[in-house]
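Note that the chains take the letters A, B, C and D in the order they are written out, and that residue 1 is the start of every chain.
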Amino acid sequence: MKGQLKSFASDNNAPVHEAIFHAMMNANKGDAIGYGDDIYTLEAERKFKEIFGNDCRVFFMLTGTGANAAGLSHITRPYHSIVCSDKSHLENDECGAPEKVTGCKLISLPSDDGKIRVEQLGPLLHSVGFQHHSQPKVISITQPTELGTVYQMDEIRKISAFARENNLYLHMDGARIANAAARLNTGLADISIHAGVDMLSFGGTKNGAMIAEALVFFRSDLAGEFEYTRKQSMQLMSKMRYISAQFNALFSSDLWLKNALHANRMAGLLAERLQGISSVRITQAVETNAVFAVIPKNAIEKLQRKYFFYIWNAPRNEVRWMTAYNTTEKDIEEFVEAIRKAVE
Amino acid sequence: MKGQLKSFASDNNAPVHEAIFHAMMNANKGDAIGYGDDIYTLEAERKFKEIFGNDCRVFFMLTGTGANAAGLSHITRPYHSIVCSDKSHLENDECGAPEKVTGCKLISLPSDDGKIRVEQLGPLLHSVGFQHHSQPKVISITQPTELGTVYQMDEIRKISAFARENNLYLHMDGARIANAAARLNTGLADISIHAGVDMLSFGGTKNGAMIAEALVFFRSDLAGEFEYTRKQSMQLMSKMRYISAQFNALFSSDLWLKNALHANRMAGLLAERLQGISSVRITQAVETNAVFAVIPKNAIEKLQRKYFFYIWNAPRNEVRWMTAYNTTEKDIEEFVEAIRKAVE
Amino acid sequence: MKGQLKSFASDNNAPVHEAIFHAMMNANKGDAIGYGDDIYTLEAERKFKEIFGNDCRVFFMLTGTGANAAGLSHITRPYHSIVCSDKSHLENDECGAPEKVTGCKLISLPSDDGKIRVEQLGPLLHSVGFQHHSQPKVISITQPTELGTVYQMDEIRKISAFARENNLYLHMDGARIANAAARLNTGLADISIHAGVDMLSFGGTKNGAMIAEALVFFRSDLAGEFEYTRKQSMQLMSKMRYISAQFNALFSSDLWLKNALHANRMAGLLAERLQGISSVRITQAVETNAVFAVIPKNAIEKLQRKYFFYIWNAPRNEVRWMTAYNTTEKDIEEFVEAIRKAVE
Amino acid sequence: MKGQLKSFASDNNAPVHEAIFHAMMNANKGDAIGYGDDIYTLEAERKFKEIFGNDCRVFFMLTGTGANAAGLSHITRPYHSIVCSDKSHLENDECGAPEKVTGCKLISLPSDDGKIRVEQLGPLLHSVGFQHHSQPKVISITQPTELGTVYQMDEIRKISAFARENNLYLHMDGARIANAAARLNTGLADISIHAGVDMLSFGGTKNGAMIAEALVFFRSDLAGEFEYTRKQSMQLMSKMRYISAQFNALFSSDLWLKNALHANRMAGLLAERLQGISSVRITQAVETNAVFAVIPKNAIEKLQRKYFFYIWNAPRNEVRWMTAYNTTEKDIEEFVEAIRKAVE
């Protein structure tokens, strides 16, 4: 039980943003029909359409894993394969949900920074048409990646062009999509539908919400009948208004963007302050709200007495430090000070 | 969009109980480790153990369908069959999640009141040992049933004795277990673990919570490694403290019981008031918080302009009216008046 | 071990027909490319097209259960339901393969003679469009049924008309389709594609082959990419020529029809001879190659010392006796004599 | 259609060995109970016990993919992972059957020669106990590998020791196990049960049979109830005697060994004859019945006009040539001559 420590473990260790909590409270009045037939859900759907265009179809979900696995199952058949990075959540952190739920093979491409390169995709096509091989059907990219790095617009476009030419779908795992859009200074649609993404797992939970995930289809031919897949995937919340209210708050006054900008800025500050410390080596470009670093093993142990965070790669003594919308400059300064002492 | 109507559709149309919402707010302070390693979850687990005994293992889940299907998948192999009532949620209202998630065959036994009779179980054993047939492994009963009726203690005990003698597990779908315990004037453990139940889907959402489901194992040999099944079943909430806080509130000052007693009392009141109306025929014993009734077709249409509720069986003009913790006597009186007018 | 007894247990207890064995031997010369790219398979595919039309697509399979389950998985999504008779092989004798392989719910309709009546289908449509319910997608009928009875042409046509009107597919489990065609004095296409069937499991094994099953699609939009489903369903034989050779023999000189006519005639003869025996009550119309009968319990025991056959329904003392292409009139006369003695 | 060419494509392009065909013919007499309750199956089971010990349990299967996938599903839960080589049949050539049937994640380890090294296994244990990660449960090795190379006894023993220490199971895909035993000059048990293997997919088809695969469990706690998994996996042959007869022939007069020794010798001869040809570079140690070689692209095209074989790696112009029990020295000499001409 490490509840008392300040956490740099994950942005999901942060509490719910006040404005979001307030919106849930405002929705907590009187009866409302279950399963989405309520005014809060209607409004949230409208907001998604404002952002992503009137042709998108949005379904609210309960977990990021649920959005990914149920969504992918809906646009594949079990004899398909799904291509992802070897650093992706899909490959590493969903306890095999993608395989169990879709029946598909995952093909994970090696990557140092969590990004798929379009050059890696061509060889996968050798399997096409050969009955003994799983048939490639979906490319799934994570934006930002699990390593906090960000696909540039042209990188996404190259991958989506490849997908289109080869009759594949492009899925984006956007568990932290707000942080990527904040980083790139673009809109949410720019890095998804406008860049050629077909289906987006949109995460709100890590950006200050309590439980707010969505699956957004950008092609209506893919979305058809997804309501059944959602239900069968155990992702249909009965009191739907409470998810919807969270999205309504996130999309009011650009709260999603403010939260993401702040979290990114705090990670940037942390990275900046660490530069002077010679025994700390940052291992990934700090582009969103994560800092990956190698520090001495005994320093990890010392630090973990006061702070909670994950050891990313034990043999290498690599740790992950994440910031969130609620991280303060003071938190950073104190943490840097603690790191400095620990490595001395 | 029927958000403006008073709803007798389901107890999941009610808002979150004030005390529960308050508990969530109190938990919304500072960082907390995700996935259950927090003080609220520790407390909630302790409360479950107080109720069900120290040997139980509890896992918080996101939906009732998730608790049922993921739990059943954990205690079966795909060549097993799961026996349930033809009126059960499992059979009718989970869009095939049990089959998809477990791979098992569901065997649904015919029932007028939603209850399985122990006499129906014997013939199922003819399949045992025959390699062409799914092998019976779990009996799943719903307490109270989807029809609002309640298994008496001795009815459960007979079924659990049969299960034990024949090497089957007994699962209880307790989406509204509080209402059953309130009705029977027993504790929650009396009608589950003490009656021989092996695994319980414990529902809090329909009893005033926002999203609070749990799977409780009463045999430690069944619970082992369920954390992986939960994750793979997309039922692991990252900000777990907010589910836990809801259970903490439900189990404080017997809120669970008060809510259930009230909802039951309101359904009783509704049934009582309807007795004088000759064109309304109540079709099920009103034992918890649901009233099933046959009323003239045109009366249904009139009523649905002002109230939301489900037509249970269209050819028979049978409707379902549910009460909740927030239904008031005034709501009932006004509804009865509306019914009276509609059927005139 | 009951290998020494004459068997009336099943038509799959018969040896391989001499002409079929001979065809396999003729194919056993030199190398042949695996997985179907050989002259025997080309010929078998051509013969199927001669029978069912040039637009059909045929895939050779290893078991009847495999043809049913893999085929159904290919034309459904897991949130669909598959409607069948409660007496069907699908429901009773495939150890849950349909549920495991498709993820779908099976809806089994009650039947005395194994046939679905079109009147039973209407109520299933109440689930359509309701996200909590599995969506009906396939009606599966067995021709002849597991009880040896036969759908008349107009019965199939009514069901296929219902399917078409309601956007459902019609599957026919034709494990013994030859016996039905022989009975109805029609071609194989008449009772399948011409009667509105969309997908046919075509069985050769029970008609004198060794291992020869096929899945035939009558709509090219359903067949697309089935080669992958077959492989993933573990139904792709590497030395395919040996299945193909069996079909080539079955379709030469109408061997399939001769075998079926003979088996049917032997069952008819058995039923005829039994009429004079008062303690034997035949329980199903004898329309193909099975005789179902109720006989005294002690007679069953006596008979089973000399003959192998299945007790169909133990509480009712109902047995199943099946004939095959190799049953002789002498076999029947001796068996009738044995029955006569056993019931005395 | 390449049926007329001499094939070096695969040992499954060979016809059925005469003695095996003869044994099937001998079994083709009179009735025999289906599904394995016959004297041929009893004998085959006895022979397996003679080879692998009285405690083994053997189940006859229809395809190698079926033996692998159904077997692995039986000894895992869907949240487990299965470790294999990136060159394995499991990973590449089963169209995703392992994932679909088990629900598990496959973890494929990079390998040049198709063999897993015990040093690669340690890092996989980092996932153990972490609920977000699939839990390693089975190591699957292929003997010989898809590249024709052979695990030495001590290599298997090291891997099985690792498995045992870490509570993992060791599966051996023995689609061509006879060729490995022939190469190592050991018995079949030496390289499987005696080396610590827990479950063996035993292949007969590629060693001269028609359709003869088996799954052999060396631990009775793993085998329990596999009859249901086999049936549900669509791998239960009704006329079982014909598989059993094939195994009976293979195990008579060491036919399995003679066939394997011959096929190995022919590959060795081919490799030897190719040594003098400078533009042919053999890329894998020739240890069983496959020769992998890089030859000029235009030579591949010329050769394929007269011979059928697979291009293993198109960008590298690497081909696979396989020999079988029926390959003759003359076949080899002619083929070498054709290669010599093609590369000139």
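Quick note on the criterion: a residue touches a chain if its C-beta (ideal position, glycine included) is under 8 Å from a C-beta of that chain, and two chains touch if they have at least 3 such contacts.
The structure presented is a predicted model; accordingly, all values stated were derived computationally and were not measured.
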Which of C-D and A-D has more C-beta pairs touching across its chains: C-D
Reference chain B; chain at largest CA-centroid distance: D
Cα-centroid distance, chain B relative to chain D, in whole angstrom: 50
Interchain centroid distance [CA atoms averaged], chain A/chain D, Å: 41
Distance from the mean Cα position of chain D to that of chain C, given in whole angstrom: 33
Shared-contact residues (touching 2 or more other chains) in chain D: 78-79, 94-96, 100, 103, 131-132, 134, 228, 231-232, 236
Chain B - residues contacting chain D, complex: 35, 73, 77-79, 103, 131-132, 134-135, 225, 227-232, 236
For the chain C and chain D complex, residues of the former touching the latter: 1-3, 5-7, 9-10, 12-16, 21, 25, 28-34, 37-39, 42, 62-63, 65-66, 69-70, 94-97, 100-101, 205-206, 210-211, 228, 231-239, 242, 308, 326
Residues on chain B engaged by chain C in the complex (per definition of touch): 78-81, 92-96, 99-100, 103-106, 123, 126, 131-134, 314-315
